[in-house]
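Structures follow.
Paired with subunit B in one complex and with subunit C in the other, subunit A is shared by the two complexes that follow.
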Partner chain A sequence: MKRFSKLSIPYLIWMSLLVLIPIAILIIMAFQETKGIKIFEGKLTFNNFKVLVDDYFIESLWLSFLYSGISTVCCIFIAYPIAYIIARSHFNNRFLVLCFLVLPMWSNTLLRTKAIASLFMEGNIISSMLAKIGLELPTLDLYGKPLGVIIGMVSMYLPFMILPIYTVLEKIDKSLYDASDDLGANTFKTFWKVTFPLSLKGIVTGIILVFLPCATGFGIAEGLGESGLIGTFIQQNFGNNITYGVGALVSIVILIIITASLFIVGKVDKEGETLL
Partner chain B sequence: MKKVILCFSILFLSLVALTGCKKKPKLYLLNWNEYLNGDLVKKFEEQFDCKVVQLASESNEDMYTVISNGQYPVDIAIPSDYMIQKLANEKLLNQLDFSKMSNYQSDMFDENLANLRASYFEGNESYAVPYFWGTIGIMYNDRTPGLEEVIQQNGWDVFFDETLVDKNQVKMGMYNNPRDAIAVAELYLGYSLNTTNSDELTNVQNLLVKQNQTFDVKYAADDLKKWVAGGLNLDFAIVYSGDFFDQLYILEEDGSDQYINMYVPDNTNLYFDAMVIPTTSKNTDLAYEFINFMLDTDNIVENVSYVGYCPCTKLAIEALQNDEYYADLLEKYPVFYPGNTKNGEVYRDLGDDIYRRLTEIYNAGRNA
Partner chain C sequence: MSRVKKISSILLKVVFIGIAVILIYMPIVVIALQSFNGSKNNEIFTEFSGKWYGGLFYPEGFLEGNDVQNASDLQEAIVNTLMVTTLSTIISTILGVIFAIGIHSLSRKKRQRMILLNNVPIINADIVTGVTLMIVFSIIFSELGFTSLLLSHIFFCIPYVVLSVLPKLSEIDNNLYDAAVDLGCNSVKAIWKVILPAIKSGIIMGMLLAFTMSIDDFTISFFTGARIFNNVSMIVYLRKGKALSPSAYAYNTILTFGILFVLIGYNIYIHFKNNKKNIKNASK
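Then we have the complex of A and B:
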């Protein structure tokens, strides 16, 4: 084993260069009021911490969690049946089916956001095609509306929910179903007592993969016309306001929230079966 | 041992190869998107045997952070008026040596622009050479009948007054950056665009909140002009004059019959973007050559065909007037020439505390 440990050196260098040092810089910046990145010139100050009691900050943090919470729940309800059907199906090529589900993930996020945004507006590609065959349907005016943002988030992150659930469902020993059958449980009871408990780990992984990027992301919400979320708040501090310190502090706070939640997941999940 | 030698020789060879690429001098240009004709870049590169590295920026504040952080050895930046003031105040700009630019004459710029600059912060002429200038105005289409007359008679009021337009029918667009969104409200209320009075700013905030609660308002950047030109999703929006002409050229090229026009009320925001040499510059001589190159009338005219803003020099404007297409355009769309504006106000640098307040006002309005 020792011979291989040297192989981790590049990874460690990579991690410290691109993860640890930037976080250290963020922490230093959180205690300074410099414009731009000038970590050695600024003076120590706690002024940035005022933002933590700012109404707008609290509101946008709450709104972010609300949006991503709803999106995550929607993802679970959509992803679970899909994953279940694929895992239990007798397709010869289940991998291919999965590929089709994951395919949109391979195209650019920004492009997909723009495409969804244009679907929420009048004169979009669907309504203009329908108009050509004489169908005049009212357009969904969802740009900038909460429902639109949630639809965007769900469609963007759905594959991240399907994959882990599918993986755990696939791994379930088929003989367990037979045993449940033999013991007289009907299909529903088998699902509820056998399949579902065994697939919880996949759901937890999916929640982590969906909830966190939804809560902290910037591009999707902004691209769909919603600017009251925490991602935009951070962007504004690095953009128009040029208050890097405040932006850094807010990023750190979110980082702490995320780390804490992962820590809790780790505590609950002692066997480490969550696909982290 | 052989392997080590092989590794070193590969490393050495690749270093040689890399330095071979570096021989050409590089000009780092910090510019807005689609704000420079690519043909001119090629021409400049050939003429001076150099490589122009274009750094794209989306806002003046972006430019500020790039320059003040010193991430790149920026040789030329093209920020707007108020950012030039801020950069100059913080001693991030070089004073220009005009003797190094053979095309430069102090009286070469359009009179109205020259007056504007003379009234601006002291010494601004010694830091910057104007690139383009423009105004903000109301771009509209003919989706809602009768709207054109209402806009031309009432100007900025159409953004806020529900007695003028049917709030269930019209859709309006606002720029998604604090300063321009707030400017619309300030122009409506008759305040200065540079006001720092807290009562006035509170009124602005209340007005923007009420606007968003009353009307169908969409906040966006480049999409605004596309949506107005699409003729379905917006009736009118605040746009920069250059954006309007950009879109007009596109519609003309596509042969579209969608009607769009732009109205600039008497009181509006006037701005000029200008070339500056930040203190980060390493290739200053090449930077001067670039400014000089961009002052050549033929080059300016070539750039105008791509950009959509009004040029700054008298000769270039004259050249446009003698061109059949542009003479027609100038007559049909007088807003092309910002000098026609009666009461234009330039943004000034207001200080960081006010910018934070402006973002607050903007957030309150946009998320209302």
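Then we have the complex of A and C:
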């Protein structure tokens, strides 16, 4: 099989072209004030760096991390028991579980976000239908409120947390449980000393799959009525054609955070097993 | 005591699964209900109606006034989306399998490095991927559009194919390939006849993932050409309130449940095929 190693060379070139070179351009752009993408015409300037001490920027970064952090923690606490229940139950059919978790992803994310947002507003389809049969629902006035945004984010990203945790839990050798049982550990101790440490890998992957898109995306947050997050900030800077440098700089800040998480993934999961 | 314990544990399970199902499926139910709503106002349910489904295929025949234009804009976006998704799924599956075979053949250290590089688009924030791709494509192409959109989709789909094929490759006995070559296959034929059948389930999985990621993408498309070559997500993002044709809900419902039925059908087919095989083997 060794002779096929050449087949990976085009991939290396393709990835370098589309991953490494643009990052270099991004760094150059951060030091320039240009209209659009004209990296060879701009002059060296540090003006863009003013944004890093700008209150609006700091607030949106902080807010993004706060929302995302809380949503991620909620996801872990909901996803872990579910993954555990499924992995230990008789219904442990990998195909069905995958279908259950992936089905929502075939539904357009923005449409789903709009649907959730509509539930948080005064008139919505569910309350209207229930009103027809005489049931009055209290209005959930959560649109644009922190709680609403967090519920929306958890709803969108929960499958991405369940999936990796379920994957690692399912792979644990069942005889380990028997061994732990034979050696006198009770259910709780078995969980704490055997299951939990072995599933940490899945939790780390889940955190990265949930936290990063939550913190940096703009479609979902905007759909839920929150447009003060860092994703919207970047989008606006790339949208009006004169502040590309600022957008580039903020993207680099995000990129640094992501590189750190890439290394974490590289450490805990060398062959990329839990990412799927 | 043990009975109380058992009941409470079942109750706890039901509560947790219930929370998950409601959180994950509520939006899909809402979309499905909206797709059958007679009014285009989502706040009020008037009567059950299939006109938005009709409007999806033939706007002039089922809808009136502004709705016709809105629905035909949506139609165009749906065609665009399906085109990009189909092409990117096929191309990225083929390329992904080739690259995965290449990566699998590397030495351990190089392989781990390639996998790290491969994971970049998966872990990287969509917005950063979108921005960086936009930069490259606006240097290469005079204007963003279909080609840049397709290339960006291929870019973020390949890693998923690679990741689903690699584990299957490492399950294969390396001698299998050598045996095929010894028996007179050339290397292409050996891959075609021996390796590909062995990694088939990984390829299907990767293809499904690529399709899933591509059809639903918004953030990357937003930067790499969807503003010119509108896709469904873009239409949903841009059109606030009633300007969005409710046919979008119909499209979404058909897509979601269509794929589900295809998958369940495929699984049943596989199940019966295996059963038949087992019966045959047993009778021998």
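The rule we apply is simple: the second predicted complex is superposed on the first by the 254 of 276 C-alpha atoms of A that agree within 3 Å, B and C clash if a C-alpha of one lies under 4 Å from a C-alpha of the other, contacts with A are read in each partner's own complex, and residues count from 1 in each chain.
The definition used in the following text is that a contact is a pair of C-beta atoms (placed from the backbone, for glycine too) under 8 Å apart; a residue touches a chain by one contact, two chains touch by 3 or more.
Worth saying up front: this structure is predicted, and the values here are computed from it rather than measured.
By the touch criterion defined above, A:184 lies against neither subunit B nor subunit C after alignment on the C-alpha atoms of chain A. A count of residues in subunit A touched by subunit B and by subunit C gives the higher number to C. Looking at the shared chain after the overlay, A:56 reaches subunit B, while subunit C stays out of its contact range. Applying the stated contact rule after C-alpha superposition, one finds that A:143 touches subunit B and leaves subunit C untouched.
Looking at the shared chain after the overlay, A:123 reaches both subunit B and subunit C. Within the superposed three-chain model, A:81 lies in touch with subunit C and out of touch with subunit B [touch as defined at top]. Contact with subunit C, but none with subunit B, is seen for A:248 once the two complexes are overlaid on the shared chain. In the superposition on chain A, A:197 contacts neither subunit B nor subunit C. In the superposed pair of complexes, A:10 makes contact with subunit C only, with no contact to subunit B.
Of the two partner chains placed by superposition, only subunit B is touched by A:225; subunit C is not.
In the superposition on chain A, the residues of subunit A contacted by subunit B and by subunit C overlap at 36-37, 121-123, 238.
Interface of subunit A with subunit B (complex): residues 35-38, 56, 121-123, 143-144, 225, 227-228, 236, 238-243.
Residues of subunit A touching subunit C in their complex: 1-12, 14-15, 17-19, 21-23, 25-26, 29, 36-37, 78-79, 81-82, 85, 89, 95, 99, 101-116, 118-119, 121-126, 128-129, 132, 151, 154-155, 158-159, 162, 208-209, 212-213, 215-219, 231, 234-235, 238, 247-248, 251, 254-255, 258, 261-262, 265-266, 270-273, 275-276. On the side of subunit C, the complex with subunit A involves touching residues 12-13, 16-17, 19-20, 23-28, 30-31, 33-34, 37, 42-45, 95, 98-99, 101-106, 110, 112, 114-128, 131-136, 138-139, 155, 158, 160, 163-164, 166-167, 174, 177, 187, 205, 208-209, 212, 215-216, 218-219, 222-223, 232-233, 236-237, 248-249, 252, 255-256, 259-260, 263-264, 267. Across the complex, subunit B meets subunit A through its residues 59, 61-62, 64-65, 68-69, 176-179, 218-220, 227, 230-233, 352, 355-356, 358-360, 363-364, 366-367.
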